[in-house]
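Next, two complexes with subunit A in common: one pairs it with subunit B, the other with subunit C.
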Partner chain A sequence: MRERYRMRKKKRGAWTATAVCLLAAALICAPLLMIPGGSLMDHAEIKQILSPILEEGKGFAVWHLLPFYPTLDHFYRLLIESPAFYTLFWNTVGMTAAILGGQLVVGLPSAWAFAAFRFRGRDILFGLYVVLMLLPFQVMLLPQYIVLQKLHLYNHFAAVILPAIFSTFPVFIMYRGFTQIDGEILEAARLDGAGELQIFLRIGLPLGKMGIQAAMVLSFLEYWNLVEQPMAFLEEQAKWPLSLYLPQITISQAGFAFAVAVVVLIPALFVFALGQDALEEGIAYIGVKA
Partner chain B sequence: MFLLPGFSGVMLFYLLPFFEVVRRSFVKSGNGAFVGADNYRMVFTNGAFQLAARNTLLYLAAGVPLLMGISLFLSLLLRNLFLRRKLVSAMLLPMAVPAAVMVLTLQILSDKQGLINGALTKISEKITALPAFVSIDYLNSEWAIVVVVCSFLWKNTGYMVILWLAGLGALPKEVEEAAQVDGANKWQNWHYIIRPGLSGSFFTIGMLSVLQIFKSYREVWMVAGSYPQEQIYFLQHLLQNWYLKLEFDRMAALTVILSIVLLVVCLLLQRRQHF
Partner chain C sequence: MEIASKKKLWKGFAAFMALMLIMTFVSRMVYVNRMPQIRWMNPSAASIQKKLQVDGTVEAVNSQAVTGLEGLLVKKVCVTAGDRMEAGTVLYEADMDDLLTQLAELEAQEQAWQAQEQTRRRDAATNTVRAQEDYDMSVTELDRKIAEETKKLEELMEDLDTHIFRIPEEDASDEIWIAWADERLRLDREIAEKKRVIEDVQLEKEKAVRQADRNIEDARRAQSAAESGLALGVSGAGEARERQERIALLTALSQNEGRVTAEDEGTVLEVMLQSGMRMGSEAVIRYADDESGLLFSTVITPDQKSMLHTGDHVRLRFPGSSEEAAETVDSIVQENGAYTVKIYLDAGVGRGCTEGIMEVTSTSEIYDYVVPLKALHDEGGKCVYVLEEKKGILGTEISVRSLTVRLLDQNEDFAAIADELLSGDMKIVTESDKELENGIAVKEWASESGGL
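Showing the complex of A and B:
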């Protein structure tokens, strides 16, 4: 009898917990729901519902989740009539791709070095990598500016790409992925006469896949959303990524801005959906003790 | 060696220039004359610095405990739920949303005549017992810090929930089960088993939250620009603005100060972590 009572109480507890968490999740996701509707809303409707904000008249703005008169006008204007959009879009794509590719080329061997070898100064060096990954960009702003000036890279795409390639964050995440590999496998391979390069390529890469994926997903989300670096190091607006262009569209063009937002958001959400397990794994790597 | 290419890049783009900045922080930027601690004195007596430092501390004091509390509460609830994975993903979604995308939405929500004020007014009209609600211009008043903290929570809750869940997952299940058989209630379970077991996580997540605050500048800048409302003028604004004004000697000193503070945070974190 008592057991049953307890079971029922437990069940009720689970329901309330679910309800609270659902509410929190809904609160977190709710603002995003404004975006798709907004991008399909025609100019007149936006003007009407946002008129209190735009004209500072009486009353309050309202929002329609679904537009009354849906239209693809904004997308048409953006995708067909704004050639500048493509420049910025390809800037974003190009920079992100270059950074991710570079991080793989440079970061993978570094991560493997930390995971597979014990060498002198390893711990101190690794501590340094961790500190560097945790520092905010503003602290590195002046130091990086000095190098970029010296190398005459200021206002080149390389000014954003090169420092990012050598970021230590992906190294850390990939390292954590590699440490999940059983050391005995490496030992056995060495005994069987496999070269270090072979071990890295044949064992490290396939077995450390989760860490690599996690690093790439985290990096993609970070660099798709670049703001500070291009703002500081790229003078010409024609070299900016989309993420810097979007905030310049004023609220009177809300529909158009929402359309840009949709275009920026789709690749990010796509990667998020595909790489979700890796993403969660990667975040957990940051916190758990080795 | 595997590490060489990566490390040379780290040297070139991070370490060497950083030491150069340390050197410059003791030097006048025009002629390179050695000025000792003058640059540091200039930073500490600077009004903008004092304002920014105070604001940053306030932001930390509000943001970190709130973030930790909310995310811990949610992860305790989430821990054994059936829908756990779906809910965690939903909470993590803001990580995928570029800051720029949220600027407009936030404006529409928080404007003086925006959606939030509209909703609050409606509520206060319905419930006549409440005094009439006066609209607030959130971003351009002392409420700006509230907006900033909310957006910080919005962005980081999912991230911290994952870290808490990882910590909770590492606790041995048997202890709790045994306690439950012995009739421990929820509070006792929390107080005697979960809380002590999580002490390591408390520390790690606390430090990471501090660092996230410093990394949240992107969002703040996006909504409020380079010269925002006084309450949300942070140290990062100061660095950014000195950079634009080419005030490199002061900036070097401030960079060094800030790195020392953050370095201490990182080292505390590492001592506990043994990465």
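Showing the complex of A and C:
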């Protein structure tokens, strides 16, 4: 009897938790759901919806997911009549690709070194990496600015790309992935006469790919939406990434802004979908081991 | 996730990126295609040559008029303004049916009037004769009466003389004396009475003669008036005369088959006739005869006035003619906010023309910055678009910036401008295939630049 009561109570608790989670999920997803609908609304409809909060500031916007007067005008304008959007899009693609490539070149060996080798000062160095990872950008802004000025890199793509390449966060994640590899496997390989590069390429990369993929996905999501660094280090608008395009759009072009958001989301969704497994596993590894 | 699903995702991602690449080119093409194409030039120092060209009219200083034949219907107008006409040139044709109808009506009226007039004259003559007869009768009758009374008087005088000779003796009785005296008194009275009667008759005769004379005089006057037409009164006589003149005119016109011809030589200035209209008594055609001089007149605005002064030499052209003449401005008079320019043409100039074109050219001082007039536009004041480089998301582009300038002078093609910000190396937009706005990006037509 008591057992049944406990089971019923447990079940009720599970339902309540589910309901709360669904409610929270709905609240979190609401802005996301507004984007596609808003991108298909005409200007008058959006203005009508947003005017209580934007013009009068006294009411609430009553949003409807499906537009009453659907139109593709905003997408036409964005995709056909806005070459500036593409300039920034390809800037973003280029910067993100360069950063991810650079992180693979620089961060991957670093992470492998921390995971596979025991050397003097390793823990201190790794601790320094962690500290750097934890420092917010605002703290690093001035030193980075000074360094970039001295190197004559201010207002160059490299001003954004180089600091990002040497970011410690992907090193940390890839390190966690590499630590999943059993040390005995590496010892066995060494005993069999495999060189360190061979071990890295043949054992380290295949077994640590989840961590690498997780680092790449997270880095992509971070640098695809990079705002502060380009705003601080890139003066020329022609070098800006896409994330700085939206602030250029005024509120009177809300529908256009929604259309931009939809297109900007697409690559991120692809990358997320492609790296979802690795991201989940990688984060799980990190969580377990950390 | 399965490998197949991942492959699909990769393909989708690749397709998306390919699409974005294609759309990049498409949007760039659309952007460039919509971009205004402009031509530009550097402002340069130059003077402004102004050419004033205005239309005007050529008219006779003293124009003549052909008055209309009132009430006639115009069938055809044979001349237009500017036509040369000689004596005998057909000016217009009257409608013959209408003309003949009017002529017939007038002739009928004239006949009736003539008959009436004849009767009136006859009556007047009769009255004169009768008055003379009355006069004669009155005089005869009264003469006879006077003669009778005179005879009676003479008889009474004889009776009196006889009676006086029969005076009684002094010693006659009183009765005799009284009877004689009474008789004498009676005779004296009768003689006096008769004399009075004779005087009365003579007086009556004088009156009768005077009245008869008056009657004769009246009758003769009436006859004379009837014969001369004065009996109709001033208006009646005038009407009759007018009618007769009109009959004569219409008859002559009908003999000329309704054609009205010019009497003088000259140039037709204005024709106020139209086929089908019925003429009034006012002028229907104005013309300049060859003896009168011609006057070119035109109206210019206050702006144009600055280019023209009395005594200036101008060129005159006449549309439809190859004739050109150099003339001098004779007067410029301000009228209702505008200026009327008058030029008395030299002999022989502008003959046969009703319109002319006056041209005058003047050269200004040298201005520092002269641009084509089409480079100017209005934004509350005069502005030019200046090319400048603009750095934006699309990189460095050429854009236009509106610069407000002061307009110093201008002609039909060029304008002299001034502003502190102007410089000779500025690129001023002179032409665009689309409407420009401040700040928009533009592209150049190939190989453009240069001065005026």
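For the reader, a short list of remarks on this structure follows.
Please note the rule applied: the second predicted complex is superposed on the first by the 267 of 290 C-alpha atoms of A that agree within 3 Å, B and C clash if a C-alpha of one lies under 4 Å from a C-alpha of the other, contacts with A are read in each partner's own complex, and residues count from 1 in each chain.
The working rule: a residue touches a chain if its C-beta (ideal position, glycine included) is under 8 Å from a C-beta of that chain, and two chains touch if they have at least 3 such contacts.
Remember, it's a predicted structure, so these values are computed and weren't measured experimentally.
Partners subunit B and subunit C, brought together by superposition on subunit A, fit side by side with no clash.
Once the two complexes are overlaid on the shared chain, A:A158 sits clear of subunit B and of subunit C alike. Once chain A of one complex is fitted onto chain A of the other, the partner contacts of A:W240 are limited to subunit C, with no touch recorded for subunit B. Vectors from the Cα centre of subunit A to those of subunit B and subunit C enclose 100° in the overlay, to the nearest 10.
Once chain A of one complex is fitted onto chain A of the other, the partner contacts of A:F60 are limited to subunit B, with no touch recorded for subunit C. After overlaying the two complexes on the shared chain, residue contacts for A:Q276 are found with subunit B and with subunit C alike. Of the two partner chains, subunit C is the only one touched by A:P83; subunit B is not.
Of the two partner chains placed around the shared chain by superposition, neither subunit B nor subunit C is touched by A:A189. Legend: residue contacts after superposition of the two complexes on their common chain; A:L104 is shown touching neither subunit B nor subunit C.
With both structures placed on the common chain, the touch criterion links A:P143 to subunit B but leaves subunit C unconnected.
Touch counts on subunit A: comparing subunit C and subunit B, the chain ahead is B. Taking the two complexes aligned on chain A, the least Cα distance separating subunit B from subunit C is 15 Å. Residues 271, 276 of subunit A touch subunit B in one complex and subunit C in the other.
Interface residues of subunit A, counted against subunit B in their complex, comprise 14, 17-18, 20-22, 24-26, 28-29, 31-32, 34-35, 38, 50, 52-53, 56-57, 59-63, 105-107, 109-110, 112-114, 117, 125-132, 134-147, 162-163, 165-166, 168, 171-172, 200, 221, 224-225, 227-228, 232, 242-244, 246-247, 249, 251, 254, 257-258, 261, 264-265, 268-269, 271-272, 276, 279-280, 283-284, 286-290. Note for the complex: subunit B touches subunit A at residues 1-3, 5-7, 9-10, 12-18, 20-21, 74, 77-78, 80-83, 87-109, 111, 113-115, 117-118, 121, 135, 154, 157-159, 162-163, 165-167, 170, 200-201, 204-205, 208, 211, 214-215, 217-218, 221-222, 235-236, 239-240, 243, 248, 251-252, 255, 258-259, 262-263, 265-267, 269-270, 273-275.
Residue ranges on subunit C touching subunit A, taken from their complex, read 1, 6, 9-10, 12-13, 16-17, 20, 23-24, 26-28, 30-31, 391-396. Every residue of subunit A that touches subunit C in the complex is listed here, in rising order: 79-90, 93, 236-238, 240, 245, 248, 266-267, 270-271, 273-274, 276-277.
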